[in-house]
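Below are structures written as structure tokens.
Here chain A shows up in two complexes: once beside chain B, once beside chain C.
Coming up: the complex of A and B.
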């Protein structure tokens, strides 16, 4: 076979179909927003031809964290709240991998909140999806930090006591935020576009996904789903551009330059209509793994030997020479 | 005779030849006593003396000056032969003020009649309360029988440097070199090495101070000791246990170390940071201990085995991460430089309190490999071994060091680099079709792990119970299969271990059993008692889990077995602590359950290293009961 034929065959090998990324039948409830996120991500992988063996999904614990099991890539379904530091370790060890993180509102904003804050600051090249359904699902309907005030749950039968935490605002408040977006599970086209842009950004891409939970909060977002005017499309030539068909349905639109962090914070504070799109994007923030390893020589046996001998020299006392002996 | 009298030209007699001497250099924090002690140790080691040097550390960064709690410095045991532990009480101390000295006296650190060289500038201090305090302590020490020599260190140093508080230490070093007849050329050379990073004026200033100390001692001090040295023929490293751990990380070929600052473990990471970076490694200071563990797990999962270094409180926080690594079979090295506990406990003090939490830690059945280096040298090799075991067995390997090893500085043979120490490159070869990610060998439980990047090996690992395909599985068979496979790995490793070697005869009246940093003290105690004719031996365990084979057989050849360790055990008093209620020390508990032998235990949890003297007393008492039984 000629070189050209081999090349074509290799290319054909590297063409992937959706099935190449699908693993098993998701066990999420019918109508769960996680299904929409999974479809969008599988499409993204196919469209960008991500090599399954070079792609890793890391998650914590919760409904959303089942995500890696449904991807035919490498995956690590970890422990509650720790998806981000695990993913950071993966990135630090392997800058050649595409690393995605799936985390929920309990996982990210409650038990893992400390890691979230610092992950923003590290700005490692991770595509992070916060599946936010405003409720604990897997443990059966307890209030989460993003549950709105007054929400009745098993731990707040009289209604949630506190104002909800706003994950987008929090993220925008931390140094080194570099990509912050918000999207809803019921507009697949936008979900795909935002995730695509998030993946393309080199840095900590934080996508807050407003996600429906048909089991515990079946009506929570119904008004927003039914009434397109309760969703505001955030668009800009530097951010998302909106297709004509989408623009026709969603008339409520905000023109916003994603370089403008003050504008982003203002938009993020808005709960109704829900702003959807890229709120902030600064491609210039350096990635921690690049700062640490970008200019490093690759780890090798020869280098280790050299470095080790140098360190040994530092602490070595040599046998006394004859002349030095008193 | 008042020994504070300074003769103008002392009659220097032939030095008294000694087997060993323990020397302390103590000052307020920041006055450089530690540097003085370190250099002294290095000179003596180069001359061929056995040297064991321990840091004396105040609990606060800047304790008030001249306070009894503020002693900072070094304690150096100089010996004619090999030295394996810090030994007993101090024979000679040089103190920069009387309050730090008083702190050491009250702590029982000094031998009765100990020689004290005391900075005397306080006698004439402008502050009357200072001079009164000085005189009071001085007179009390003289009355108590200490051999006190007042030394005008400050006065002498002021002639040479503007701030004697920052130069006295080298003057003191000169005095000590004169007293112990150490090579003056080596002393100059070591001072040059110690200040090597500084500019030449700093080096020369310190040499001048050293010379001043030497010549002052020549003119004014009659004390002369000689500790015979055996010239060394091979290069040695003068390092403490934490540096040995860090060098071990470097030598193991690991690439990522994740940590969070915690005493007394942090100095290992401090030291590692720049050395590691130079060879392509990274020390990541995480936002907390949990994240440090998770970060190391992530790095291990996607590449070479990684390490996280911590101490007690951090170790507690890492337990959930350790459980994940156990369950998902992700190799991981965890170094725990133990300190006093529980809770914040005694951050700078010595305790072997984490053995049981290490073996049983993390919920559920979480088997992991546990090894405890017993010397500074073993700290280095333990990390290399740990990395290799972690990768081979897909397991968590915990290295249990402690504050005693962390802060003890000794000379160890310089290791010869061996490429076999290093982790192999990350496997990126294709995985044969159909090979499951947990292809547990029915005998050994071992399976090959697939690393991201390996085509065909895609799977999701999970902390949930899972089957051979890594699919979440709640059925009873899968759960027990996984538990058994993970447990089999320990048994498989155990079969490869050699029985430990008994120190002393292989049978007798009493066997002492220990682990970790107490080895030197235990063996010294055994040697002393054997010299008296007692039938006593000792056994020291490097592997705490799995344990080496044959330990029960060894023990059965002795009439009694006594575990000696620095963790809490109830001393039976018959009132509340009796046979039914008594809690045993950690190793005793493990060995009793494993061997069904009625092992007794003895320990101290004073925060200080257990001294050979104390072990001799405890063993003697135990031997007494054996003799009593025989009647």
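Coming up: the complex of A and C.
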């Protein structure tokens, strides 16, 4: 059917409000950075008119992974560390959906690290938010891979032994990285802009969100929140442009071309001030689902049935014959 | 001398040899004209190709289901390629054996016609193994590189239709797979809607249904009736409206019953899409129109249903009016072409009219017109050839028709254009000379077809309206000349090597046809040939010059001796007509010389855009004008909800879920201070208290000052 006919048959554009994407009352602690991420994502859904039934949020385990419960879209609260492979499966089977992934520093960088590395390499069209509060919050304060050296926690009472893992640097080090950004939860405007650009990028958009945990690490980012000079805004005509109001507050700025991966790695290595913005963007990296699927139609009823039968057959217990029973 | 010339001229003009009753042959020339019938003469340029089975060429072809057609030689070459890396001697032996097998297969195909590769392989292999027991090992090593279910097809009269159908199925399969995929997806989506409805219905939650879901083995462990009543109590999902359910079922029934791309596992038979009559094809097309419109309508509705966008108030009326006359755009999506193969005498005027009717209507008909004989016994174009030429000429009149004209000798090279024609959305015409007519029984069809192309009797052309390229004559040899010329290696009477340049003309083509033997006369040894000119020259001569320039062609006998053969005027006239047609074709389709446009002078470099600062220095709007009023820097709010916990009437979220003060009168100064203290971003500014009598004000002011 031609585009013209489709237009003719399409309903009038639907208008969604923020509440249309809100499901239940978030159980995150007051002051938690997850709230900021939730409202930025809901704004994105509303502004881009994402249809709730065509949008899906996949998460693993952790505070951040409660995210899908609070979105009135499709969602799956998965198992620890496996948000990315589930999202990849959804993406492979249903290319008409917008797929978002919410994962935490424990979920992604610890048990899910292998999936994370390969998901970057696969470069499937997913928008991935890594909520990094540098601590296991849901299980009440254990050190995570991104906990800074010396951090006292229930598992490291004498202080963490190792240097923290830098998720942005890791991502930039993997082949086929196509969109890497870092943002902090306490600058809502920037958070929204970066997520918006990440969603628009076709490929694996990795957004590292530095996020406060008011319950277990209330002072961890306090200096950064209080002092705008401890945040550096990364901007470029090909990346983010900064609004005047933001520029007035955050004077510390870095001009960086997001095509420059070496520059991105250099910026990613700095921790104070925290660089925020789009560090790397290469729209030319092919998506795995495009390489694999070509022009094949999406899964058919027959294919689904065949696959299910095959799986069921693995568990079938064939009735024993009378002779064998004897 | 004069007498000999008179004799030659008389033959040229009348086509009759001197009868014995006319007296003895002239003595002055010493030579006589003799009939060529029965001498096994063929045009001299054919001589190197006397035994095609010994020569590696494009044929036979291997046609394997789902794969592009390939020549046996190409497959053998790729099987042999890269095998000499380790053991040069073994590789050389393998190559030797491979080439012997290839030759044997080629010979078998030429003798028996199309046959399965496996069968030919077995027969040829057994024959070769009888002579050389070692060859079996090599053949086993090569077998894996050949497609298993291929057919070996030689260049004969059956080739064009077999190849066209093979390529058509490939194109068609791709096209239908896309349609079938979409239908399957829609069926899946529609069935899911119905299944979801059933699961939430009372029947779907009945104890019987639950028992079936759990399975007999475990069902007794559960109180299914209690479970069913529990489920029923909690039922909140609305069921489908009856109108929607019946609509979904109707859509499913159409999608499953359609015969364009039957779904896997269904017992629906697909529409017949290949025909041997254009009239039948046209009739079938017209009969299927309502079903096609129904399918187009169903697809449109099903897409909306699956997307959840179907609204009865809006779409019912729209789709009620959807019919096969109006919905041409939607119908185009189900453009499943028909293939019509017309061969030789099948092509009657009424069939040609049906083809034109289909083309005029822009129907996606792909028509193959295969001509086996180009001339009748009087050296005039045969009726089928006339109709084929007429169809090609007419097809250009319909702007959207793709046209390919070629001969079977070139078919392998023409597969990409052939696929363009078959894949083209509109009509497509393939006219093709097979060389398989009875008159060419002395030479392989491949040679006859190649000769027709070389001699311009059946020129190649390709027109693809979708490609945006002009009509191409590029497939013709030496397309910018009247005739193609070749250099023939031969020896003279003193056994000295000679190189002779020869043009291959329409007269050469006619000379290979035994029906025209009486139009040629062999010049006896020592005959006067001073008035004879090569056929190419004679065909180009102005009218009336014939008396001084008699045309000859060089022909070779079975022993390889070359003879000059005089042609009569009837055939020369036919050759001249072929040349005129070729020149007209070139004039019509050759592009004028390209006009070279001087490159424009480089424009003056535009002024470098002023570097735009990333940050403009626009003044920031101040949040509050009254310095004593409470305010929130709403834009910086991270939606943490801490202030709403203090007082959710005073603090509310705006449309972006960021906090703002709704009305300061809805809360106390204490609320403002406590909210400001709890705000992790410190963006709440309590201002000055509005009620000077508020309890604990001094303490609150001190706390506010600390903020």
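Everything that follows uses one rule, which is that the second predicted complex is superposed on the first by the 283 of 326 C-alpha atoms of A that agree within 3 Å, B and C clash if a C-alpha of one lies under 4 Å from a C-alpha of the other, contacts with A are read in each partner's own complex, and residues count from 1 in each chain.
The rule is short, and it goes like this: a residue touches a chain if its C-beta (ideal position, glycine included) is under 8 Å from a C-beta of that chain, and two chains touch if they have at least 3 such contacts.
Bear in mind that the values here come from a model prediction, so they are computed numbers and not experimental data.
Chemist: Taking the superposition as given, does A:75 touch the first partner, chain B, the second, chain C, both, or neither?
Modeler: first
Chemist: In the superposed arrangement, does A:158 touch chain B (first), chain C (second), both or neither?
Modeler: A:158: touches no partner chain.
Chemist: Touching A:304, do we find chain B (first), chain C (second), both, or neither?
Modeler: After superposition on chain A, A:304 lies in contact with both partners, chain B and chain C.
Chemist: Compare chain B and chain C by how many residues of chain A each one touches, and report the one with more.
Modeler: B
Chemist: On the A-aligned overlay, A:56 touches which partner chain: chain B = first, chain C = second, or both, or neither?
Modeler: Touch partner of A:56: chain B, not chain C.
Chemist: Considering each complex separately, which residues of chain A are in contact with chain B in the first and with chain C in the second?
Modeler: 53, 296-301, 304.
Chemist: With touch defined as at the start, can you tell me which chain A residues reach chain C in the complex?
Modeler: 1-2, 4-5, 8-11, 17-18, 26, 30-33, 35-36, 38-39, 42-43, 53, 185-189, 212, 214, 225-226, 235-237, 241-242, 244-245, 247-248, 253, 255, 295-302, 304
Chemist: Touching chain A in the complex: which residues of chain C?
Modeler: Going by the criterion above, the answer is residues 177-178, 180-182, 184-185, 187-188, 191, 263-265, 296, 299-300, 303-304, 308-309, 311, 314-315, 318, 329-330, 332-333, 612, 614-621, 635-642, 645, 655-658, 678, 680-682.
Chemist: In their complex, what parts of chain A are in touch with chain B?
Modeler: Listed in rising order, the residues of chain A that touch chain B are 23, 51-54, 56-58, 68-69, 71-79, 82, 85-94, 96-97, 114-115, 117-118, 292-293, 296-301, 303-312, 315-320, 323-326.
Chemist: Please output the residues of chain B touching chain A within their complex, sorted ascending.
Modeler: Within the complex, chain B contacts chain A at residues 42, 45-48, 183-186, 189, 231-239, 243, 247, 250-251, 253, 255-256, 258, 275, 277-282, 284, 286-288, 290-292, 294-304, 306, 320-321, 323-324, 328, 411, 414-415, 417, 419, 422, 426, 450, 452-464, 471-472.
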